[in-house]
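For reference, the structures are reproduced in the following blocks.
The same chain A turns up in both complexes below, where it pairs with chain B and then with chain C.
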Partner chain A sequence: MAGSSLLSKSDRRVMYGMVGVPTLLHVGLVWIPAIATILLSFTNWNGFRFDTMKFVGLQNYIQLFTVFEKDLYEALLNNLWVLVFLFLVATPMGILIAYLLDKNLRGTAFYQSLFYFPVVLSLAVVGFIWKSVIYSPRQGVLNVILGRTAEGDQISWLGDSSFLIPLGDYGLSKNFLALIAPMVWRHVGYIMVLYLAGLKSVDPSMKEAAAIDGASEWQLFRQVIFPSLKPVNVVIMVITVIEALRIFDIIDVLNNPVGTDVLSILVTESILGESSNVGRGSAYGVILLLSCLLFVVWYLRNEFRGLEEE
Partner chain B sequence: MSTPSTGSRGLGARLYRGLSSVPMWAFALVWLLPSLGLFVNSFRTRDGQRGSGFWRTVPDQFTIENYQTVFEANTVNSLGVSLLNSLAISIPATIIPISIAAFAAYGFAWIDFKGRKWLFIITVSILAIPLQVALIPLLKMYVGGAHLTLPFIGKTLTFIPAWGINGTSTAVWLTHTGFAMPFAIFLLHNYISSLPKDIFESARIDGADHFTIFWRLVLPLSIPVLAAFAIFQFLWTWNDFLIALTMIGSANPDALPTTVAIANLAGDFGRNEHLLPAGAFVQAFVPLVVFFALQRYFVRGLLAGSIKG
Partner chain C sequence: MAQVALDNVNKIYPNGFHAIHDLSLEVDDGEFLVLVGPSGCGKSTALRMVAGLEDISGGELRIDDRVVNDVHPKDRDIAMVFQNYALYPHMSVADNIGFALKLAKIPKAEIAERVAKAAQTLDLTEQLDRKPGQLSGGQRQRVAMGRAIVRQPKAFLMDEPLSNLDAKLRVQMRAEIAGLQRDLGVTTLYVTHDQVEAMTMGDRVAVLKRGYLQQVDSPQNLYESPDNVFVAGFIGSPSMNLMNCRLIEHGSGLAVDLDGSLLALPDDTLGRNSALRAFVDKDVVAGIRPEDIEDASIASDAPSDRRIRTSTTLVESLGSEVIVHFPMTVSPFQIMDAEFEGEDAVAPATDDSGNYIYTGRLNPRSTARIGNEIELAVDTSRMHFFNPQDGLALRD
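Right after this comes the complex of A and B.
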């Protein structure tokens, strides 16, 4: 209340600039295009001339849930798998490595660089690395170890779209898991660096106090260190969710094998592909948006709780 | 002793014991394998790479020709050019959002204005708007601007003029800027709002206006967190594939950044696939240097201040 009346004229101008410029930017570059996508999803636009655009109501959505039902559910589920693996496999591994490295293991700097290296590679490049070094049918590491390099006996890691974990008509296909592995490989380094940064800032006296109380290593981590790193955990959450939902590059550069569709592939394909259909692509986009909204709701709830306390 | 969830705790503890007993070097070796393979292959002839795994390299397969070829102008996309293109995207896409977001974070944290809470929430919510959702309207907007024809009157309002910047690096970094805003503001706000209140109050009493406080007090204190975000954003934009592909794509092959250029190497029916490892290392070189040069800041900055809270 009192605050705003205290603002001088120059202060007010500064404030408009400080807050106004970024607001203009994200309204213009994010909100308006996103809303335009929602509107486009109700049209049959082919993306070239505006006068061919026609309002078609829910037709695109009806098609998604009938004709393209298989693509849609497969993609949704695959996005979910990525999220699950990044959270349940990559994140704990990254945290564990960070924790071990933080205890001044010999050669910390070396290990740190080693685990961090995949993070500086672009996911597009990561895709090629795994394809040629790990999954190559003839000289890839996996087939050589398994002794399956002979012609006809080779395992096609990226080509086998049968389900490893079937869930009704859908599931986790083997080749999609083969694509998740490099994502995990890269994400572990990300998490490790973030966590290492956090661990360095934990007050050592807290650890000592817990050790004197006879806490085990696990209890120390679970009850002292982990809760005190809440800000890092939030950053990690955010980054993991963003990475999982925007996953695209690695699948696209490997030519999107059967069974590896994700939402962003469907969006991009239907608007950039040969038979461009902006309407349907936008409808896919809206579905992607809706699935992300779950996380907004979660975030808003936390944020409001925080603001109320202030 | 009185933890309610003994089940998950038991599992977690077992998992922890199991995993931490694996020697670090074994872990590291597995982790190193793909990168090592890539590195070795980048120095092998085409036939060598195709014929056998990287661990079976023989001396006469050694060559540095791959590195020479990727820089030659007559290959599909010379990496020399695309490295410059990548810089032309990543540098503005890092500096511009940070500068704007630093101001905004201060505004949201310390200037009391009406609707602050809501505007902040709306801003940060963009974190959850996936890029793909906005790409096509953005692309059309870069080509033709944004107009609204009013019904009945038939008058057209122009919100954004037709810039015609599709196919240029400007279109790419502008897009990055818009989408970087929420995370930058979020991260910087975390930090700036945790600065001790007293310094602002005493500065206000001394008659400093908000701009002076920001410029003289907040900015110098925020260097570590700014650097941390800069590293993040630089890596993100340097490694971006999707935006560059959409905004530049085939429209202007001369403006393609390294990620797309390398992906194009792989296309072409695999004729140039043996150049990929060398290309990948060239591509990774810049972010590696950036990371290790600024690592110090990264560690301190990312979480500075927010830990105690």
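Right after this comes the complex of A and C.
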């Protein structure tokens, strides 16, 4: 190893420290809990005393797909709704705003801060803001605008779990859509900042070349800028999928109204709720993990195929 | 193919910077015109205005007698080659070259045919399926050229297309582009800061400085009779020696007094250039090209009153020639202009005793050695004279 022989003893010590400490943290905080979750999903345990832990095989999973079938599918579908809305509404909006701001309009910095502001807030805070300012039945912005603030005439934005889009026994409930709105609001700013950074890296003469080649604004974006920003697009896709799958805090702080379960809520509910069933919670966690893996594997396969082509 | 004409074109940026002053230029049908000048002279701005990438603040731009000041770039029917090539990184070479045709909704079969033909011309057939990232610098340059020629536009605009290539490739591509332009006969406006490129490629060369057009002429005329000290100093390498001196009567003719040492001018000087008459016994700027200086031991028939006795501070032997640097007490002319005074003021080179350094380009047989005494013969019939007040050439 020619490279390592150039390092002095103290260099090496620093190097091991810098690689070792993060590795230990990563193993301790990510890998051990993940493996523990998988193991625990095959047990029946109340989470208090280890001697009550019992190996039950696939029982938890069998229950998930029978007794708790409705909970599971509702949660999975809700996660999917979040993904759909982040992808089809928030991401295009974020990209559009970034594209407009990249034109160096007057006051770009102001708009940029304005749209990015929700991102610096935690989703829990965002939830509270929307709950009390927008959705509050008596003094919320929506009901005031609609003139529905009188007792008995109020719209309960977060309480109405009837389906807006029914799909058989499941669907998109009205209150879950009300929860998706602030997620979208926040995600727009996130995407905008990421995309703006990408757009700043686009060679300006490439845009000029396209203009001279005869590209309209839309053709310029669709055929030149968007495909040339593939690395940024991939990052945005990964972030959007992860955001959609791990969504939790905003629902939890709004007291998890009926019809708004997602996978991460089921995990916490099962473990910390009245039933306090660590095994079942872990099984939900494993399903969440598998959903992520499904995406990661697909993504890595694409990436490696891309690398081989180059 | 077309004629491109700029008529008193001005460019003033929103911050008030006046980048181009009343630029009037005509590029004839099929002509290769080079815009050259130091950085910041406005040459790229001028080109970008022709392309439609910059607004024109005043004056008129015509392509084929049609005023195109407010016409969108894509409707001007011009093709541009950028300094960094500006290729589309995600598209194959074929798609890069054919992109404009695809946007113009030309049938696929015809696109393929035209792309193949352009690729053949540029020796890119093997690379058509590759992405720009997999190509060498020279190949990318060719793709950029291919993108321009495949469109058969009215004019080519090239913005320093060779400056990202290494020296050897640059010389090769220089010849290729010039040859290609001659074959295709497309009107071309070419921007460069490299005067060698300008001189070797252009049918005519326009020299710009700080947004003002200095002179437009054939390369040979620019070299032979520069209109002012700036053009004199800019064209030619090494640069012309420009000395502050006095024009005096000497015997039956004239001489220049270089701070004590005299250089006699040929007897017919006044006959050829009567403008000098008004400057007898006055200060002038004398310009001597390094190539008009020779080692006196080689040019042994040079008259003794056309020689400079000096020493050498540096001798650069290039094989085909020897460049000598020699000190003189006479000061060099410094190009100043009122508006930007001081900005350009690079202190002239001096030796240890405060003498100013000039250059000569000698025959390789010269025996000049660093630090030795040397006698240099000057071909005074080829000297240039300028008015020290306005820097303009003194000629009829």
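Points worth noting:
The rule is short, and it goes like this: the second predicted complex is superposed on the first by the 277 of 310 C-alpha atoms of A that agree within 3 Å, B and C clash if a C-alpha of one lies under 4 Å from a C-alpha of the other, contacts with A are read in each partner's own complex, and residues count from 1 in each chain.
The rule we apply is simple: a contact is a pair of C-beta atoms (placed from the backbone, for glycine too) under 8 Å apart; a residue touches a chain by one contact, two chains touch by 3 or more.
Quick caveat: nothing in here was measured; it's all calculated off a predicted structure.
If you put the two complexes together on chain A, you find that chain B and chain C both fit without a clash.
When both complexes are overlaid on chain A, the residue A:F68 reaches neither chain B nor chain C. Once chain A of one complex is fitted onto chain A of the other, the partner contacts of A:E208 are limited to chain C, with no touch recorded for chain B.
In the superposition on chain A, A:F163 makes contact with neither chain B nor chain C.
Of the two partner chains, chain B is the only one touched by A:A124; chain C is not.
Contacts of A:F87 after superposition: neither chain B nor chain C is touched.
Of the two partner chains, chain C is the only one touched by A:P227; chain B is not. Rounded to the nearest 10, the angle at the Cα centre of chain A between chain B and chain C in the chain-A superposition is 70°. Set against each other, chain B and chain C differ in how many residues of chain A they touch, and the higher count belongs to B.
Closest CA pair between chain B and chain C after superposition: 5 Å apart.
When both complexes are aligned on chain A by C-alpha atoms, chain A residues 228 touch chain B in the first and chain C in the second. Against chain A, the residues of chain B that register as touching in their complex are 9, 12-13, 15-17, 19-20, 24, 27-28, 31-35, 37-38, 41, 49-54, 100-101, 103-104, 106-108, 111-114, 117, 119, 121, 123-138, 141, 146, 159-160, 174-175, 177-179, 181-183, 185-187, 190, 209-211, 214, 235, 238-242, 245-246, 249, 258-260, 262-263, 266, 273, 276-277, 279-280, 283-284, 287-288, 291-292, 298-300, 302-304, 306-307, 309. Looking at the complex, you find that chain A touches chain B at residues 2-4, 6-8, 10-11, 14-15, 17-19, 21-23, 25-26, 28-34, 36-37, 40, 47, 92-93, 96-97, 100, 105, 111, 113-126, 128-130, 132-134, 139-141, 144, 182, 185, 188, 193-194, 196-198, 200-202, 216-218, 221-222, 228-229, 231-232, 235, 238, 241-242, 245-246, 248-249, 252-253, 263-264, 267-268, 271-272, 278, 281-282, 285-286, 288-289, 292-293, 295-296, 299-300, 303, 307. Residues of chain A that touch chain C in their complex: 203, 205-206, 208-215, 219, 223-224, 227-228, 230, 310.
Residue ranges on chain C touching chain A, taken from their complex, read 51-53, 72-74, 78-80, 82-84, 86-91, 99-100, 103-104, 131, 133-134, 147.
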